[in-house]
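Shared chain: chain A. Partners: chain B in the first complex, chain C in the second.
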Partner chain A sequence: MADSAAESTAERRSPAAAFAARFEAASAGGGLRLAEIPFLTQINLRVDPKSPAAERIGTAIGVPLPVEPGTAAGGGDLEVLWLGPDEWLVVGPDGAGPGLVERLIEAADGEHVSVVDVSAQRTTLVVAGDRARDVLAHGCALDLHPRVFGPGRCAQTMLARAGVVLVAGEDGFRLLVRSSFAGYVAEWLLDVSAEYVAGG
Partner chain B sequence: MLLIPCPWCGPRDEAEFHYGGQAHVAYPEDPAALSDEEWARYLFFRDNPKGLFAERWSHTAGCRRWFNAVRDTATNEIHAVYRVGEPRPVTA
Partner chain C sequence: MSVQPYRREGASGRVLRFRFDGREYEGLEGDTLASALLANGVRAVASSVKLGRPRGVYAAGCEEPNALVQIEEPFPEPMLQATTVELYDGLVATGLPGQGRLADRPDPARYDAVHAHCDVLVVGAGPAGIAAASVAARAGARVILADERPEPGGSLLGTAETLDGRPGREWAAEEVVALAALPEVRVLRRTTVLGHYDDNYVIAVERRTNHLGAQAPAGMARERVWRIRARRVVLATGGHERFVAFAGNDLPGVMLAGAARTYANRYRVLPGRRAVVFTTNDSAYAAALDLAGAGVEIAAIADVRQAPGEAWAARCAERGIEVLTGHVVTAAKGEGEVSSVEITPRVGGGAREVPADLLLVSGGWTPVVHLFSQAGGTLRYDEELGAFTPGETRQAVEAAGFARGVGGTGVRTLRACLEDGAEAGRRALAAAGFAMPAEIAVPSAEEEPAAAPAEHLWLVEAPENDGDYGTHFVDLQRDVTVAEVLRATGAGLTSVEHVKRYTTAGTAHDQGKTSGLLTGGVVAHALGVDVAELGTTTFRAPYTPVSFAALAGRDRGPLHDPVRVTAMHEWHAARGALFENVGQWKRPWYYPRQGEGPGEDMEAAVLRECRAAREDVAAMDASTLGKIDVIGPDAAVFLDRLYTNMMSTLKVGSIRYGVMCRPDGMVFDDGTVIRLADDRFLVTTTTGNAAAVLDWMEEWLQTEWPDLRVCCTSVTEQWATVALVGPRSREVLARLAPGLAVDNDSFPFMTWRDAEVAGIEARVCRISFSGELAYEINVSSWFGLALWEAVMASGEVTPYGTETMHVLRAEKGFPIVGQDTDGTVTPQDLGMEWIVSKKKPDFVGKRSFARADTSRPDRKHLVGLLPEDPGVLLPEGAHLVETSALPEPPVPTLGFVTSSYRSAALGRTFALALVSGGRERVGERLYAPVGADLVPVTVTSHVLYDPEGARRDG
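Right, the complex of A and B next:
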């Protein structure tokens, strides 16, 4: 292709960048806020939770690895999400990847640990506001009531048949969606939120 | 739709799981010593009870762990779930 050189130097574009204007329009009513947080650093971490390496990693990043299923722990600009009994997702700000990987590997100190930068795998969508639960309930079978799924909880589940990591926050939810599903999930969110936006 | 209680994540929709067939089929001690018939029996022959059946499930859309469940094949009622490596619990 003639323009391949131009593409290789092109600005990077987040998977849901094309939805920014429609997200903003849907958020105008006030009852719901949709947005994308692009380019967050995501590190997949696998380590035996009972090993000394797990403890050292917790100390090194300032967040003890949460061992209770479906919980998230935060500290500083990092958040650690429980993905499985020996698997976590460390989420940090854009650009933190290489440094974070280095810190994790250093803390592992040669023990049997897997650290993989998967930042490009998913993008983050925000579904916040009073109507956030109603919107997600259209396509998610989980009980999202704050008594069960309040701040500090996270889950890998299906939203409208697409695999997502769902993270509960103080003011709503974040969805970590695979890049190739981001367009579909964004369209689905906009479609579902129509009734809440129109009604005010 | 079944509601399957993953031993890690709690109750989730059946659509989040993959089925793994009969549980507790042990790999032969010395596979090379088996006759063709014995090997075929290990590979292909499975129980098909009407009633309680211990089977493997994988929570593919969640924690992606394999676990075992005791399900009543006649009623689809799940009587117990337990993690890999744990013995089959006693069920009525």
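Right, the complex of A and C next:
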């Protein structure tokens, strides 16, 4: 016991870690790819979009905050998702959190902003491949046709009975899922995919 | 073919074996159960619900009122129409007496649902629907074409008409194959549109594997609910033929004329050998001629009109078919099935009886306006058609083809339907903003004879001396006769809606598809009013019956509702914890000790866990508590306004317990507030209220106090939390966090420290929900399991669950919002006068504490109860009375038990209760009626353990 306190090798575990093998099996057919991208940095940002702080933040992170509802903007290894008129989710690679929080607060330069590291609040699930849209249509009421919800679009919506942030990319969709719901959403995706995987 | 005596020559297809009512039969691929039964000469398929009369196949589609069957194999399914059940090898079915039986075993099939969006939804793949979809699809619009049948074609399937010189059925099949190949077109077969709601939200059910029987692939959903959102809807739903009320019109062998035509043409089945035709319009002539061509002897056509269409009459004459104009069928006769038909001139002359085994009836055609009406469209009566047709609508929906009543004479004309469909497609395109495609050729139909007007006859009157109308059926499925309609009108009912409810006509599984208008016609006849004036009953979803399994879809079993779990869940499960549902969360309830012999029961486990927490050291997964970051220069002001106590005076590094009330002064939630910085707080909420509290905060910020510079962000799942409790918790924490000064002076009660715990960055809070020395260790939820495992690594820390947490807090008199409160309880009622600030100028609920009602002395107070027998556990919810014997009801009760437990620390049972004037009753004896007994209890303070708070510093 005395030794264990000194250890600093505690291991992280992502919310959908237990599903890795089943995701892989469901992806084997080629029509669909399911996977978790664990440990992405996610910073919730609240700032008045018309404020100088908002502009400075855009400059500082190299991505102007998107102001069109339901859109995402990317640059470098960051992506900024519009969540509301004064709310964004800044998504970055694993480990970028503390530095990013610092840059955002620094850029605000004392103006009222809210910067909260919520990296562990949600995990990221990938739903890609030719059948991705079919799979999501079973639980998402939004029109995901590329004419309507193509790359660069994002939305806070429901997938089955779980709230998700849905992001359309060139290579399929990403779902940002609350950690406690990750198991439910994973089971749901696997249940839906049974038909598409079996059918080829 | 010899085993199918009524099958026409030249029928092809794989032979399928099936069993009906215990007998083996053969049918052909492409048959429905109804056509296969007719091919085998089975006339009586079911019996009627009230009268037990034999009933046969009456129609050829979803309007079938008679032939109700139960599928027995491969999986029991009740109340299906034999006319819509596709035959498959191994089908086992029985005819039903109006009602079926639910399966007594779980359905192994999968069901699901899907959302779809389109520019144009076309309902019905008959001639009009295909024409409309073709126009829309070729302009690039996103089109969904839904049809309830297994193959497209609609009316073309039954009529044997030709288009561009080839069978209409082939034309339809090819058109639809071409449509389905277009990238933005989705063709849904076996898909019935059931409901049409506002904003063109349309629900359909696709039957995907039902027709495959035991061969259905296991992974494929059997039925699928389509939730379609369409910019524009074209309803090409066609029409249903109706019958006429005459004596014996329910006998097996009586059949709608159009249905008989379909059986002969599409299924190559003869529904009888010798037929009489009874009609009010020209359409039955085409049926008669087709059947004659197929080998049915047409004994006579009784036409209610004096003047049928001349071309039709001429064709009949050519074939030697006798046409009796101005005649009606007064009775179908026979034992168990039709053996003769009584035909009578309408004016003068006697009846004559014609031997026949088939009586084909056409009382006219009713456009299928169900969806149009559901969508909010008005209906108007069309005199020529003798039916209600679509009128005005408030939605982007229109009817096309016969569903709109085109044709003019009560008879559908193919050319008019095709043209009307194409027009509807063009209008839909224009409305959806698409460029019009180059001219699309409408296929050319055969020349159709000019039709003569129909005459709308609803009822063949019974002779004066035999006028009981007891077998003049208007609703075959509900066994409603003209006699009952007349009883209704005789009782003074003048509305079709009232007559419907009085007689039940139109309320069966077929929802009055053949009977609705007929009932209206008979009511109008009885009252001497116009059908148009009388109107129709309301059309409501679903258009056809839908199974509960389809509606439930994937939302059943483990996916019925999301299960939310913490980062430590796998450990709890592996350790054999039992779980309690708290909202959608699974929280460990208690951990029965594993080992030799019988497992520990709940009572023993909880007493053991309680003892560990009070006497040693124990830990609980507290991750589910709601957590909200409140940030901004006005955060302190904001929290002062929401909580009843003062938060702005809280120092950075400190923690305060707080209560929130609704404006009515009643407790809404409680939790702790941690001050992280001058402008930054972390607020915790009860597990069940996390979302409600965030909504509450946003509501006040957005609607009442938009001037406050405050942002609230949920961090519930960012953090995993371990509560470490007990006199030895300090010692365990010291070992896990060697860099943290844990002595009471360095780390006092209600403060927090950042520290490394088990090598993980953590925020440690000194909070206690048990009265014991305790810590809450918060880490990123990625490390939740690692922290928990580190806490448990030495084996000296006892894991405990929510039940123990409840006992420990109850011993200390700490209420649980939602268990000890119910929305009518103030902080003062809970004995927490101290938490309601007297200094703050205002906060939510303050005004209500000045109301006389909130200071009434007889308000219910939270008190403790000690049963006089220390072994008796009161049931939660038990009421409390003053007297040792119950008075006559109504019994005045003083309150009720809100929490009740066995306490290891007290060595006895105890309870918390809300009792009227409870604090003034401490020491009194009250009684709790439990079953037949009155259990004596003593009222005490709600704080039963360590009232002086000596234990919290260890």
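The working rule: the second predicted complex is superposed on the first by the 190 of 200 C-alpha atoms of A that agree within 3 Å, B and C clash if a C-alpha of one lies under 4 Å from a C-alpha of the other, contacts with A are read in each partner's own complex, and residues count from 1 in each chain.
Keep this in mind: a residue touches a chain if its C-beta (ideal position, glycine included) is under 8 Å from a C-beta of that chain, and two chains touch if they have at least 3 such contacts.
Given the structure is predicted, the values throughout are model-derived calculations rather than measurements.
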| item | value |
| --- | --- |
| Touching partner for A:Arg178 - first (chain B), second (chain C), both, neither | second |
| In the superposition, chain B vs chain C on chain A residues touched | C |
| Partner chain in contact with A:Ala141 - chain B first, chain C second, else both or neither | both |
| Touched partner set for A:Met158, first chain B, second chain C, both or neither | first |
| Contacts of A:Gly70 with chain B and chain C, given as first, second, both or neither | first |
| Footprint overlap on chain A, where chain B in one structure and chain C in the other make contact | 141-142, 161 |
| Chain A to chain B touching residues, read off their complex | 69-70, 83-85, 87, 141-142, 155-158, 161, 163 |
| Chain C - residues contacting chain A, complex | 110, 112-117, 142, 217, 219-221, 227, 229, 554-555, 558-559, 561-567, 570, 585, 624, 629, 631-633, 709, 711, 713-719, 735-738, 756, 758-760, 780-787, 790, 793-794, 796 |
| Chain A-touching residues of chain B, taken from the complex the two chains share | 8-10, 12-13, 15-16, 61-65 |
| Of all residues in chain A, those that touch chain C in their complex | 1-2, 4-15, 18, 39, 44, 46, 112, 114-122, 134, 137-143, 145, 148, 160-162, 178-181, 183-185, 187-188, 191-192, 194-195, 197-199 |
